[in-house]
Each structure stands twice: as C-alpha cells, then as structure tokens.
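For reference, the structure is listed below as structure tokens.
Per-chain residue numbering starts at 1, and chain names A, B, C and D are given in the order in which the chains are listed.
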Amino acid sequence: MQNIGIITKKSDPDAWDATKRLALWLHHRGKQVTICSETASAIGLDPEVARHKPQDDLPEGQDMVVVIGGDGTFLAGFRAIGSRDVPLLGINMGRLGFLTEVPSDAMLETMDKVLDGHYRQEERTLLNIDVLRHDKKVLSHCVMNDVVVHKGTLARMIEFQVSIDDQFVYTARADGLILATPTGSTAYALSAGGPILHPGIDALLLTPICPHTLTNRPIAVPGYGEINITFPGRHGQIIDRHQEQRDRLLTLDGQTGFTLTDGDRIQVKRSQHRLKVLHAPDRNYYAVLREKLHWGEQIGS
Amino acid sequence: MQNIGIITKKSDPDAWDATKRLALWLHHRGKQVTICSETASAIGLDPEVARHKPQDDLPEGQDMVVVIGGDGTFLAGFRAIGSRDVPLLGINMGRLGFLTEVPSDAMLETMDKVLDGHYRQEERTLLNIDVLRHDKKVLSHCVMNDVVVHKGTLARMIEFQVSIDDQFVYTARADGLILATPTGSTAYALSAGGPILHPGIDALLLTPICPHTLTNRPIAVPGYGEINITFPGRHGQIIDRHQEQRDRLLTLDGQTGFTLTDGDRIQVKRSQHRLKVLHAPDRNYYAVLREKLHWGEQIGS
Amino acid sequence: MQNIGIITKKSDPDAWDATKRLALWLHHRGKQVTICSETASAIGLDPEVARHKPQDDLPEGQDMVVVIGGDGTFLAGFRAIGSRDVPLLGINMGRLGFLTEVPSDAMLETMDKVLDGHYRQEERTLLNIDVLRHDKKVLSHCVMNDVVVHKGTLARMIEFQVSIDDQFVYTARADGLILATPTGSTAYALSAGGPILHPGIDALLLTPICPHTLTNRPIAVPGYGEINITFPGRHGQIIDRHQEQRDRLLTLDGQTGFTLTDGDRIQVKRSQHRLKVLHAPDRNYYAVLREKLHWGEQIGS
Amino acid sequence: MQNIGIITKKSDPDAWDATKRLALWLHHRGKQVTICSETASAIGLDPEVARHKPQDDLPEGQDMVVVIGGDGTFLAGFRAIGSRDVPLLGINMGRLGFLTEVPSDAMLETMDKVLDGHYRQEERTLLNIDVLRHDKKVLSHCVMNDVVVHKGTLARMIEFQVSIDDQFVYTARADGLILATPTGSTAYALSAGGPILHPGIDALLLTPICPHTLTNRPIAVPGYGEINITFPGRHGQIIDRHQEQRDRLLTLDGQTGFTLTDGDRIQVKRSQHRLKVLHAPDRNYYAVLREKLHWGEQIGS
C-alpha cells in the first residue's frame, strides 16, 4: 500500500488534527498521501507531504482511503472512490460509527497493523439504481446504504407498486419506501422499524415508511433479484387540488433529491462492485451494535 | 413417483373427504398410496387402495408426501418424513396456508400436473438444534420454523446470552427468544415483531420476545454460523422466592416443551438436510403473502 | 332540527345520488336543506329544494350537517362548520369510515331516527394550534385529527424540542412529529406506530415519525397541557450544503403545507370547542375498529 | 408526619446502610420509625430507635412510608400499605427508578424538605381485579402496574375475548394480554410494544403480547369502564393433546401466578383508592423518562 488517500470530515478541527497527524506519520514512512486541498490549507500542510485534491475528486491509483470523521464522512469517502476497487478504513472522532469503528487515539497503531498486512478485508453489497423514463435512463447511481422513495411536500402519501424480477410483490400507500443494503439496515431503515441485517447476508431489505396497511411489514428479499418500483398513480391524492403534479422524491444514501414523475420506473439490483472495508483483526460487528444500540441496558428494573 | 404418502389433518371431515378422493384417484392411476390407519378407518378405505400406517410412522420409500390440511398439518408431514429426502405438497381445506397453497378443489388438477412432471421443487433451510448439558447432548432435533426459548410459569423473564461462532452478540432479558428460519419468519416471529425473510435468503432470524431493552431489535444473521445460547442466570429473578429452580422452556416448531436448566447450552445451525416443497408451476410466494396479510387494504381512507 | 346542511364528496356520482335522495326526502319533510352549488348543479337539484352554497361556505344557522362520502369528506364538513357548534353525521358510500359509520343504504332510516330524537351525541377533543414567529402569531387553526411537523424535501431529518407547560420533554431527531387527538390516533399516527386512543380519553398523543432514537416511543399526555415545539436547529443537517434554509413543514389535518423557519414556536392545546358527532343509538366504537382493522383474522393458522 | 415506615430492598447492604442512616436521623428528630425486623437485625438497630415488623405487615397509623431500593421495592411498599391511604416516597440505590426517583445521597436533604411540608403529592390510578368462577369471586386484588393474562407452558397461545362495560371489543389469539395503568405503561407493557401514558391521564392500556392478528395494536380506553376478559376456548390448541387442561396464567404486578380455567371471568376496573406518591418539589416526570430511555441519544450519526 503505497498511495493512501484521506477523506476528512468538513469543518471539524479534531478531524483536521487527526488528518495532520496521520499525513505526517504516513509521509515519514515513505507513503504518498493525497488529501483534500481545503483540509490541507486548513491544517497548513506542506504540499511535499501530501498532494491536495478536491474532496470529491480523489485521483486514480489509491491503494486505500482512510476516512476520518463519522459514518457521514465514510459515505463521502465511498462517493469519492466511486466504482474503483479501493478499500476504505474508518476512523471516528470520539463517537463510534457503524463504519468508522477505529477511535482516533488508536489510529496510528491500527494503521501500523494495516500497513504490516494485519487486517481483515470485508466486502459488502452495493446497489445499482436506474431511473427509466419513457424507456430512457434518466438517472443511474451506485449506493451503499439505501434508495428511498418519499412523498414530497405537496403529497399526503405516495402509492407505489413493487415487483421483483417478474413477480408482483404489492401495491402500497405510504409516506415512502426504503430499499436498503444490509449496511443500510442500521441507518434510516432502522428508524422506520426495519430489522438489522448482518452484512454477510446476500439480501435487500424493503421497509415501507408509515404504511397505511399495518401488515405491510419489512421484508428481506434475495440479493439476486431485480426490484422494480412503479407508480400506478390513479389514487394519488394531492393536497393542493389545483396542482396536478405528482410529488415523489428519490433520495440516494441520504442525498440527491431527484423528483419522480408518473411513468417513472425505478430499477434496483445488486451492483457487480462491492464495498471493501478494512478492519483491525480484532474487530467485531456485534460489539459495534451493542455499543451503538445500548444493548444490555434494561428499562424498568 | 410411484409411492405416495398422505398426511391428513386430524378430526377434519373435509380433509377426510379430500383424502379419500385423492387416494382413489391415485389408486386408479396405479400408484401405491400410504395413509394413516386412523384416517383410513374414518373414511372407510379399502386396504387394497391404500396401505395404512400410523401418522407419525410413514414408511421408507415414499416418492412424495401430500399434506391435506393447514400449515399445522404440513408441520406434521415434515415430522413424519424426518430427515428423509422426500418432497412435500400442501393442500389446504379452504383457507390458504403459507405452505398449503393448493386449494382442495384444485387438488386433482395439480396432482395431475405434478405426476406429469410439471412442478417446481423449492428447497428451504432447516435448523438442527442440540441441547448440551454437562457436555452431553440431551436433546437433538431438526426444525422447520423455529426454536423458541421462553420463560416458564414461575419466571418473570429470562436472561440469555447469544453468541455466533466465537463472536459474542448480546446478553438480553426478555420473555424469550425466537430463532427462526425464513420459513418460520411468517409464523411466531412475525407476531413478535420480526420481519419477513424470503425463503431464498440464507439467513437465520433472531427475534426477542418482549425485550427489556427496547433497542434489542430483530436481527438476521448469515446461515453459515452456529448460534449458541446460554444462560448467565446470575440476575434471574424468581417470582416464588422459595423456589430455586430456573424456569426456562424450549419449544421446537410450536411443540415439545423441554425444560432447560442453568448450565444448558443450546446450539443451533443450518441442517445439511433441506425441506423440499413442491409447487404448481404458476405458484407465487408474494401472492400468498398478499392474501394472508391483506396487503393492499388501507386504513383511514 | 330545521336547517340541515349536506357536504358531499367531490366528483363521486354515488355520493351525488345519495345527496339527491336525502335532499328530496328532507324537503318532503319540510326541512330547509343547504348544499354546495357545484353538487346541486351536478345532480340537477331544483333551488326550491335546497339552497346552494359553495362547499366551504356553509351559512350560519345550520342545526346539523350531514356528510356524504368518506372520512376525508367528514374532514371537509368539519372545516365547513369551523368553530360553530353544529353536530355532524357521517354517511359512507360503501366503505366504512371511522367517522362515516352509517352505510348509505341505511341513510334515510338513520335520518328518520335522528329527526325523531333517537341519536347519541358524542363530543370529541379538538386542538388549537398557533405558530408564533418573533412573538407574533403567524398562523392559528383548529384541527380535528393532527398537527404534523415534517422534514421537507431538502432536509434529511428535523430536530425539534418538545415541552409541555413548563416541563421540557425531549429533543429528538426524526422525519417528523405527529400531535394527534384521540380521533386522529386512528389516522396518520397509526401508520407511524402509534396506539389507538379511545375518543373518551382526555389526552393528546405524540408520535415521532422514524425517530433516530429507537426508544422515542409514542407518548400520550394529559389533555390539559399546552404543548410547545421549537427547533434548536444547531445540528440541522442540510442536504444541499449551499442552502441555508431550514426545511420544515407544518401539515394540519393532512392539509395546509406551511413552511416553518428556525425561530418558530408551535403551540398546541385542547380547543374550547368540541367536535359534535351524531351516532345512531346502536353505534359501537369498537365495532368500527374491528371491521377497519380486520381484528379477528389470524395469520399462520 | 409522626409515624414513618421504611420498606427496604432485601439482601442489599447499600439499602441497609441507607435504612440505618434514615432511621437514626428520623429518631433524632423525634419521629416514630417502623422497619422490617429482618432488616433491623441485619443492620443492628436498637428497638428503641425503630419498631420492628415483618416487611409485609406494616402496622396501621403510618403517616408516610419511605421505600429504599428500586421500583421492585416500591411495589413491595405498595403491597405493604394495601388500600390504606398512606403516601410513599421512593429512594433509589444508585440507579434511577420510575418511582424511586430520589438518589440515596439526596435522601436526608429530601426528607428534610418533605417533613417541612415542601413536597408535591401525586395521585395515581390503581386497578381492582376480580376473578369470577361459577359466579363466585375466587380472587380479588388491587394492582399498581398491570394485570397480565398469559399462556402457560402447555399452550401455544391463548384465545380471549375483551369487552368493556357492555361493548364487545375483540376476540384475539396471542401469547397474552396486558392491562396496565399509566404507571404500568413504562413497565412490562413497554416491552410488549405499548405506548407511554402519562400518569395524569385517566385511562387503562390494553396491550396484546405477540398477537396473531398484526393489526391488534395497543389501545387506551377510558378509565371509567369495566373491562371484562373471558375465554371462548373453543379453538384453544393444546400442545400436549392428552391433557385437556387449558393453560392460562394470571400475573398481578409481576407476581402471583394464578391459574385460570375455561369459564373464568376477569373483571378489571379503576380502584376507588389511589396510589399516593410524594415527590420533591423540583421533580419532573419527563426527566425520569429521558434518563431511563436514553432519549436524546441518536443512532447512525
């Protein structure tokens, strides 16, 4: 591992400090470091130590990317590498994240192990989403956590139809629908009442948001299927009756508000690419869950 | 398919009628039919038409077993074949079941197709459970739906510890814990708040029953792991303080009340055997869900 | 009861038919009927039979208002009478509603009883909501079901602070918050995971929508308190980072999308007015729940 | 307040220490103290300082009772006073309870205020439960938290019918049913998915445990009604088919395992007695909820 990129949480002096420490440490070990120019100037880093790049334009040729921040910064790191096959390592700034599991005070020690080859590389499912409009692809994206279809500001709810491959699953009315990877099952889907899916499972999770049919429970489906979402639209109730526009929004990994119209078809399937996450050898998926979800603490006793 | 067993719902005249119809129809097609002697005498079936056997002692050599009743009868069929590699076909008596999907009035037509080779065989995950006490196996069983550990009548709750392979998952206090196959996810686990897992997913579902820690959400784990449940027992609160006996019960597929004691270890892993279910070619997993869960019916509008 | 208004579901020929039947029947009994002019022209009603008025401008002096449609039409009826003390009677067009409980084929028979004094009048809690901005009231409204604060299209979530009288309740991050009357507990709040509150209970229900804190369970608080919602806003994460505008929407009884800004204070308290609902004497609140929620139908058996 | 009883958590040296400190402090202020003889001998207390009594036989004439322990000890205190009109004050041993809100290091300071009249007395709903068998009352009890009907060890589920006054509510199949006071809404009912009811609300909460009908949501009903629970029993499925005994258990406030038979009728109504709880003037119901439920801690950010 010779070329190492660093993605840093924005406007966070602690993350800046950790970035500076890591960049200098890597430089002294003869590594080529690339960081965002904005961060570099904030921390006064010599261009000899680290090449500066915009955050979202990490150059080709990185052997790994270290993310310094929280799970939101990890998502930025995932976007920066796109479909390139670069593994990510997450460092948190005091508060454990599902993906930023290394505390900053163990950063250098962990990096030392990783550079010596003492790490475990995990591969996680990514999703490809296409939006088709009049048989033309108008949006195409790769997501790590979730694809969310949500009512917009003018709608009381949305109605959508789900099918998988050629099988019709259901038509439902709800505030929205979350299609999550196992990684995304501990993000927004959990708030909406979804279960936790271990990342080792090859499955996608469909969790409706505030469904009008109370039995529309979350359902996990095999990872090999292609999920199609369309909008029958006939009963779409619009708050402003003078406005005919259907109001549905698509959100990808918590970002990118894309407006959907009546005939749109959303196609979601497992990506051929996989998210590569580096872990310290002693890392434990369940230990992160226990700490983040306060498992072990009881009420009423 | 020459040798065909029939398992019939007990004390159900409609199921008896269907059994008689099917046995005569198969006999006329030259098949060797085996049914339970109790059912045979109830419906006045000639021994030449069908060999009589006790329900739970289906002989070796069956090529398929037809279950006539509901999902409970399907479970009896599963027990009757045990670990033998015999496929099951489920006929319902008017009310659709998750596994008895063929309505009785389509029984002969479906059998006709099946005998002509027009069917789809699905394989589903089964679980092996062992109970170890002082390093000795005191119980060993294969289940189709779920393994449930539940507080008994004298306990206010139970405390249990879950680990998977060598990873500690959590210690929890609850009324109980359900370990379900995807098949079992639409049975008891659904009542306890669990999600639906499509049977094509290789995963096991852990659903706590009334957990004292509200964040102890259902979690699906990969099918390849071995789940261990033990009982730390230190804080076990006994209602009757004069009674020292811990009160924990093990229920397998809704049956077999086995009492567990302090040092017991429950080991659950995917069985090498698979449940073989025959489906009519046009069968649709999601259609059954839609009908049984009233998907599509909205409240409040 | 001499002056009787009718509010009819828009664009529904069945509701038009029922309206015509009822208007003529009332006219023959010497009653003064007022209906919406739009409906009147659609059904060709003689102005001698019924005075025509715009739907949302029901004149003073009504002794009762009959709503013909579904629960949505009932809401329109409630808006038409505003804070005037006029009782409402709900007729449904084939599909039982929580508030439109009389089937249309029992309409005349029920009206007969009601005009003879054989009815039960129920009073239900209404809510007053004010929005204060820089100590000025910028919105004031009376609602029957719920006050909803929801993230808009640009926000990933909202953060809000709830206090009741002078007691701080909590700060939460969520998609939104529903403040519902008992009447509203079977509307949107039920989809969001809230409990059912019998309308005889003097309480308000707070149900967070997709809360980030899993233990933020629905909470019912006494009807006598004043609920205050404010927006600390410090951690408000904006998807479009270049856009400083906080994006929070207020929805009242499923309508009226009002945009909230940072310093706004929402004050909700029980109205001095009560919703007056007329019931046939044999009416049963629980029978409506049973039918609408399919109570009595089991899964898995 | 001259006569003060103390109820102490069993076998807890910290609670014994606090009890001794409090008893001596009260004695020096000229109060008559009554404590349990078992505790008294454990802490070596002079009979002149405090009259000794068995825990569950607190004599008449107490002006208040101090509970030292946790919420379980508070329940013991409630049982010790029975229907007598004595207010309770709860001291916790390091871990905040819903009812034992005063930390032990603030015990004497709080007692000082209370004896000077600086306290707030809150009254909470209690429930009366009678079990009728062949028109004879076979059990009668007053509870603070909840009445629970639960399947026993031999049953797969129970079927029960609920009516309120003369209105039929529903027939349901489930593991059980919890009838809770608002006080009990934060105990077992919360684990079963129930909402939180502020103790100022006059309502009872019905929460089914693992209901087979997914729409059988928790429902809060007015406090003035009489709830009746009976057992239609026809479909009662018994695991051990040779055993005819229906297996249903009644648990009151987490104790008293009473076995119910087919024709039993359970009648629950608000008690004429009220639980009197003393609070320090600055006490805040919501602050206790926030701390016990970790409100304010988010996942996934």
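Quick note on the criterion: a residue touches a chain if its C-beta (ideal position, glycine included) is under 8 Å from a C-beta of that chain, and two chains touch if they have at least 3 such contacts.
From a predicted model like this one, the values you see are computed outputs, not experimental measurements.
**Q** From the centre of chain B, which other chain's Cα mean sits the farthest off?
**A** Farthest from chain B by mean C-alpha position: C.
**Q** Which chain pair is joined by more contacting C-beta pairs, A-D or C-D?
**A** Per the contact counts, C-D leads.
**Q** Compute the distance, rounded to whole Å, between the mean C-alpha positions of chain C and chain D.
**A** Inter-chain centre distance comes to 36 Å.
**Q** Whole-Å distance, chain A centre to chain C centre, using C-alpha means?
**A** 38
**Q** Averaging only over C-alpha atoms, locate the centres of chain A and chain D and give their separation in whole Å.
**A** Distance between chain centres, rounded to whole Å: 45 Å.
**Q** Check each residue of chain D and list the ones that touch at least two other chains.
**A** 188, 190-191, 212, 214-215, 217, 293-294, 297, 299-301 - these are the residues of chain D that touch more than one other chain.
**Q** Quick one: do these chains touch in a line, a ring, a star, all-to-all (complete), or other?
**A** Graph shape, chains as nodes and touching pairs as edges: complete.
**Q** Which of the residues in chain C end up touching chain B in this complex?
**A** Going through chain C, the ones touching chain B are 70-72, 98, 186-188, 190-191, 214-215, 217, 292-294, 297, 299-301.
**Q** Along chain D, where are the residues that touch chain C in the complex?
**A** Residues in contact with chain C: 164, 167-173, 190, 194-198, 200-203, 205, 212-222, 224, 284-287, 289-290, 293-301.
**Q** Please output the residues of chain D touching chain B within their complex, sorted ascending.
**A** Chain D reaches chain B through residues 152-154, 156, 174-175, 188, 190-193, 209-212, 214, 239-240, 249, 251, 254-257, 293.
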